[in-house]
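Shown next, in structure tokens, is the structure this report addresses.
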Amino acid sequence: MTTIDEALDPELKQLYTDFEAENLNPLWTQLGDLMPMAPASKAEPFVWRWSTLYPLAQRAGDLVPVGRGGERRAIALANPGLGGAPYVTPTLWAAIQYLGPKETAPEHRHSQNAFRFVVEGEGVWTVVNGDPVAMRRGDFLLTPGWNFHGHHNETDQPMAWIDGLDIPFVHYTDTAFFEFGADGVTDDATPDVSRSERLWAHPGLRPLVGLDRQTSSPIACYRWEHTDRALAEQLALEDEGHPGTAEPGHAAVRYTNPTTGGDVMPTIRAEFHRLRPGAVTRPRRDVGSTVFQVFDGEGHVSLAGVEHTVATGDMVVVPSWVEWSIGSDAGLDLFTFSDAPIVERLHLNRTLISEGA
Amino acid sequence: MTTIDEALDPELKQLYTDFEAENLNPLWTQLGDLMPMAPASKAEPFVWRWSTLYPLAQRAGDLVPVGRGGERRAIALANPGLGGAPYVTPTLWAAIQYLGPKETAPEHRHSQNAFRFVVEGEGVWTVVNGDPVAMRRGDFLLTPGWNFHGHHNETDQPMAWIDGLDIPFVHYTDTAFFEFGADGVTDDATPDVSRSERLWAHPGLRPLVGLDRQTSSPIACYRWEHTDRALAEQLALEDEGHPGTAEPGHAAVRYTNPTTGGDVMPTIRAEFHRLRPGAVTRPRRDVGSTVFQVFDGEGHVSLAGVEHTVATGDMVVVPSWVEWSIGSDAGLDLFTFSDAPIVERLHLNRTLISEGA
Amino acid sequence: MTTIDEALDPELKQLYTDFEAENLNPLWTQLGDLMPMAPASKAEPFVWRWSTLYPLAQRAGDLVPVGRGGERRAIALANPGLGGAPYVTPTLWAAIQYLGPKETAPEHRHSQNAFRFVVEGEGVWTVVNGDPVAMRRGDFLLTPGWNFHGHHNETDQPMAWIDGLDIPFVHYTDTAFFEFGADGVTDDATPDVSRSERLWAHPGLRPLVGLDRQTSSPIACYRWEHTDRALAEQLALEDEGHPGTAEPGHAAVRYTNPTTGGDVMPTIRAEFHRLRPGAVTRPRRDVGSTVFQVFDGEGHVSLAGVEHTVATGDMVVVPSWVEWSIGSDAGLDLFTFSDAPIVERLHLNRTLISEGA
Amino acid sequence: MTTIDEALDPELKQLYTDFEAENLNPLWTQLGDLMPMAPASKAEPFVWRWSTLYPLAQRAGDLVPVGRGGERRAIALANPGLGGAPYVTPTLWAAIQYLGPKETAPEHRHSQNAFRFVVEGEGVWTVVNGDPVAMRRGDFLLTPGWNFHGHHNETDQPMAWIDGLDIPFVHYTDTAFFEFGADGVTDDATPDVSRSERLWAHPGLRPLVGLDRQTSSPIACYRWEHTDRALAEQLALEDEGHPGTAEPGHAAVRYTNPTTGGDVMPTIRAEFHRLRPGAVTRPRRDVGSTVFQVFDGEGHVSLAGVEHTVATGDMVVVPSWVEWSIGSDAGLDLFTFSDAPIVERLHLNRTLISEGA
């Protein structure tokens, strides 16, 4: 196609003007942007520091009340490539949420799928459809779409955690519904474990009540002690010469929906990774976007060839098809979530793993 | 949450400034936009006229060559609510493509899923992975993701048709891959039916070769005579007092993947609807966006309470959760496509059908 | 385990007697029979001749009335290895059914899945849930479990066809239910095609009414003209140098449920095969049992190393894991059915295909 | 159909003789047996006493060596309605297996799916594909089809447990394959938990290695402490006024495949039930057959209207469509297994639950 850009003769200019007047837009002038040779996300790889996030959340705690209307004291990571929107990737939302002593975030429900991950602190209960779920360090909590939920802090200490949702995706696809619930929480009991866990968090066992296959996991909280033990066992098996780790020195578990064996929610995958001291993951690219939070230890993340040192609480975003790897001298625990279920259910997934180290 | 908007005291202002500096963005100032009570698409319901589209395509045919680089002489419907982007809805692309006498659009492949629907004309063959597929009025052709395809016009007449793709969705999710193929077409034969149809387009029968379940339909073209007959039978059954129509006076078929019974491609649903003279569909709202093209007849479309008269070739877009219905005094044939598979596979679907007429 | 059979000392004899008295049975004395190294079916490979079957059915037509109680004038193939039971294989039933001029077989329904295949004749309608289905040479008709059905002959000629059911399997698994229906047929119309075909037998198209996925195919009849055309196209494609046939000179189609792409019924697979003159299939063994009926032509079937010449109407049974192949000098059309869905859904399937010719 | 049985005139007699000579068998003379109105199993409801089973197994331990050839010292429950065959139901095998001090049962594999359930004792390890699995009271162990497995007793005490397999079904369907393995066990280590548990038995978590969906559960052993806790929690939830139990006073869990959420193996469902003191289950009939073993406590089982008192170790069989219920004055723990996956995957399942108590 020779030189149509240069060929902007008056007739062509008029044609383009007429296109615009009629709400039309030609493919040929913008093909490369619209249909690149490989994903070229506007989102950028980026690192946020917990040492920055937490004090800002604390200041918000002092200045901004929590209650009906604003609903949550959540401060979103805004990917620097996405024009200031509160989107950590085009599809995903990640925020630090902060709840002061004795505060309550009122109940609501929405079609967006949500989770919480706790990097430090305790004393807050998330109440999901009337079931109080204690939040403690290392726990991963679900509030799948259209379940009422609120949070209340029973202690004299503030607590902060991270929220992950599919807000950008649901907003983009125009699939959002929202409904207010109780102003307080519907059950202010403070049990150690939720009723959902008492029913569902037994390995390989399910109650006879409930649907055979559920859209989202019925487990409201995946406790740290289970995650920690599963990772420790993988590394122990490796020491004993047996398979189990994802890569040498790299243990990893995926949180699953026990009624399907698949991802915990239709749009979000969540995993936990542990690197032995000295381990480095093979550089890879995945279609779809991923967010990490360092849970423990220190390490270095390579993002599109740039190294970043990371420590507890730091959050990292890897946009689609950006090459990344992680290593650690002292050992590293890492929580991750991604939009992989969206990409896989629509058969758009690809992965490229480097052969070398 | 009392009056935090009014409470813009200096400390809060500073906090917001600091948020921005650190690539953070609070939820509470924008909750209503991010998480509306129901989908409130920026896309607008809109109608494009064939009487506008075709002449503009013709002018492009005179002025813009087709060939490597621009690849296709396709002019996209740009939803007036989407800021000039070539997107008919946030997820879908719809375009009129125009190929002059004896022209060839070169081969390429991409992760985007594509189809063609022919509202008039014939004489072009789309070659899909080396299989030439004749295009005739009423035919619905597939080029699912990552299949090489080109087009060539064997006649002395131009031909135009519509293209539908998931370009916006693939662009948004950063899942696009593209590869150039042959500059011409790899097989310039002009058979009446494609090899894929000869293997797969027999009702209820499949060859023993090939995977049990395929991601996309192996049928390269759904011919008008089959669609027409299926619709006519539904109305005849209704006349005889038997079920079969979607609603009184409203026949409808969905194009399916014969290896699964599901939608033809992972991201796009396509259907054909026929209204008897005098029929009106019940007003409904669906989560997800839909595009219509009138194939034959005349009718009136109600979009969010506004009536539009439509005739052959006119194209209509219904964004998510916009109420719509269609009626016709003289009878109407309508091709439709939507992003329903995206919405359904991620369990975000809802439908609200009005009880009354 | 040394010589426990020889070691029948008095104590052991007493133990075995005590086992029997207490309804117990030791594994170690019968392991080889219970758990053989490979399937060793009691069923035998066998051939029934149409020239035998039809005259016997005719004599039954003269002597045995059809009506409520006996329900059907069906004469089952009794595998010579199965002790006289009316089972062509351990899981499958195959019979010739014969209906005299103007006769009616009354309506009933049962949990057993059934089909009819017509090797000659016409003039009978099978009425399935009130939908009359014409039977003609080459047609394959379904009456899936728990659908009411009857047959009536509208002509002055008798008609015979074959029935295939999962009677032995349903009997064995104690899953049989049966219910009588109308004494005649509920709709004595004689249309050329059934309403189910008018709704469902359009390639790649489905009506919007009805469940997304149905347990059995909604197509009541797969017509010969479609089967014939699909097979002819595969051989034509082979002539043109393109893939499509199952093996060189061997075209084959599987009848499918268009709502799933899978087998027509949960327990029975049905296919149609065509051999070019001179073609021979590769010898193979499959877990599961299969029955053939020659539809047209002549050929030779090798069963466990023994050659049988077969001609139109002849029926052949291949028990599990028996090696078989088919060849034909003049060309051969073959209808087949099997219990493959049982074996595959329970993950017990294996196939061994010989490398040589 | 009037009196064809009485009408045994000479011509009809000759016809029946000719049928037999040609390996044919008419439907009309045996319809009621072949296709009953509802399942009428030849298998009978029956109870075996542990006080009978164990001493007989012990005597076998004294008289019959374990080793290559006989393979296992397993004594099968032979349903009194099944003619002495070692089948507890038409589809299922249940046996007591007994291993003396320091004995080893050699390794083999077969297409049959197998499990073990331990009602008393410990000290044996089952080695599954080289992974040693400790057996302790209340544990449920899997050896799915085609996995090598052997057993060895490390103690000076004998140990007995029950085996459940699909031997009759696999035999009936001619789908059996068998292969000998090592004469001893391939790994004689005696760990408390197996490697498979260390990888897979963490609630809601899976390793990243391994197939997404596996035919059978990768968990080699479901430990009693998890089962016990899950049941206790259901009853505690009931006490607190929350849902969770299967019926009032009746807690129940199903063992599941964590990669699918479905049954542990393709042909066998296993569950554990606990009745509070005073609880009685609602009478029900199910299509498919079930076997119980009392694990703890005492109770009474009603089978087709006949009451049986049962205590620890006793085994009960409920053939298809036999009405049953269970009650207990003092509380009862019950292990159960059934062929429900066969019945459900082939869409032959039905259940009838009585409304009253």
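First chain written, first letter: the chains are A, B, C and D, and each begins at residue 1.
Keep this in mind: a residue touches a chain if its C-beta (ideal position, glycine included) is under 8 Å from a C-beta of that chain, and two chains touch if they have at least 3 such contacts.
Per UniProt, the chains are A, B, C, D = Gentisate 1,2-dioxygenase.
As the structure is a computational prediction, the values presented were derived from the model and not from experiment.
Among the remaining chains, the Cα-based centre furthest from that of chain D (Gentisate 1,2-dioxygenase) is the centre of B.
The distance from the centre of chain B (Gentisate 1,2-dioxygenase) to the centre of chain D (Gentisate 1,2-dioxygenase), with each centre set as the mean of the Cα atoms, comes to 52 Å.
Chain B (Gentisate 1,2-dioxygenase) and chain C (Gentisate 1,2-dioxygenase), compared by their mean Cα positions, are separated by 42 Å. A straight line joining the Cα centres of chain A (Gentisate 1,2-dioxygenase) and chain B (Gentisate 1,2-dioxygenase) is 31 Å long. None of the residues of chain D (Gentisate 1,2-dioxygenase) touches two or more other chains. If you sketch which chains touch which, the chains form one closed loop in which each chain touches exactly two neighbours. Pairwise chain contacts present here: A-B, A-D, B-C, C-D [touch as defined]. For chain A (Gentisate 1,2-dioxygenase) in complex with chain B (Gentisate 1,2-dioxygenase), the residues that touch the partner chain are 1-2, 4, 7, 9, 11-12, 15, 18-20, 22-31, 34-41, 43, 46, 48, 52-53, 56, 59-60, 63-80, 84-86, 90-91, 95, 110-112, 145, 167, 170-179, 215, 266-267, 287-289, 319-321, 339, 341-343, 345-348, 350.
Within the complex formed with chain B (Gentisate 1,2-dioxygenase), the residues of chain C (Gentisate 1,2-dioxygenase) that make contact are 195, 198-209, 212-213, 217, 219, 222, 226-227, 229-230, 233-234, 236-237, 242-246, 252-262, 264, 271.
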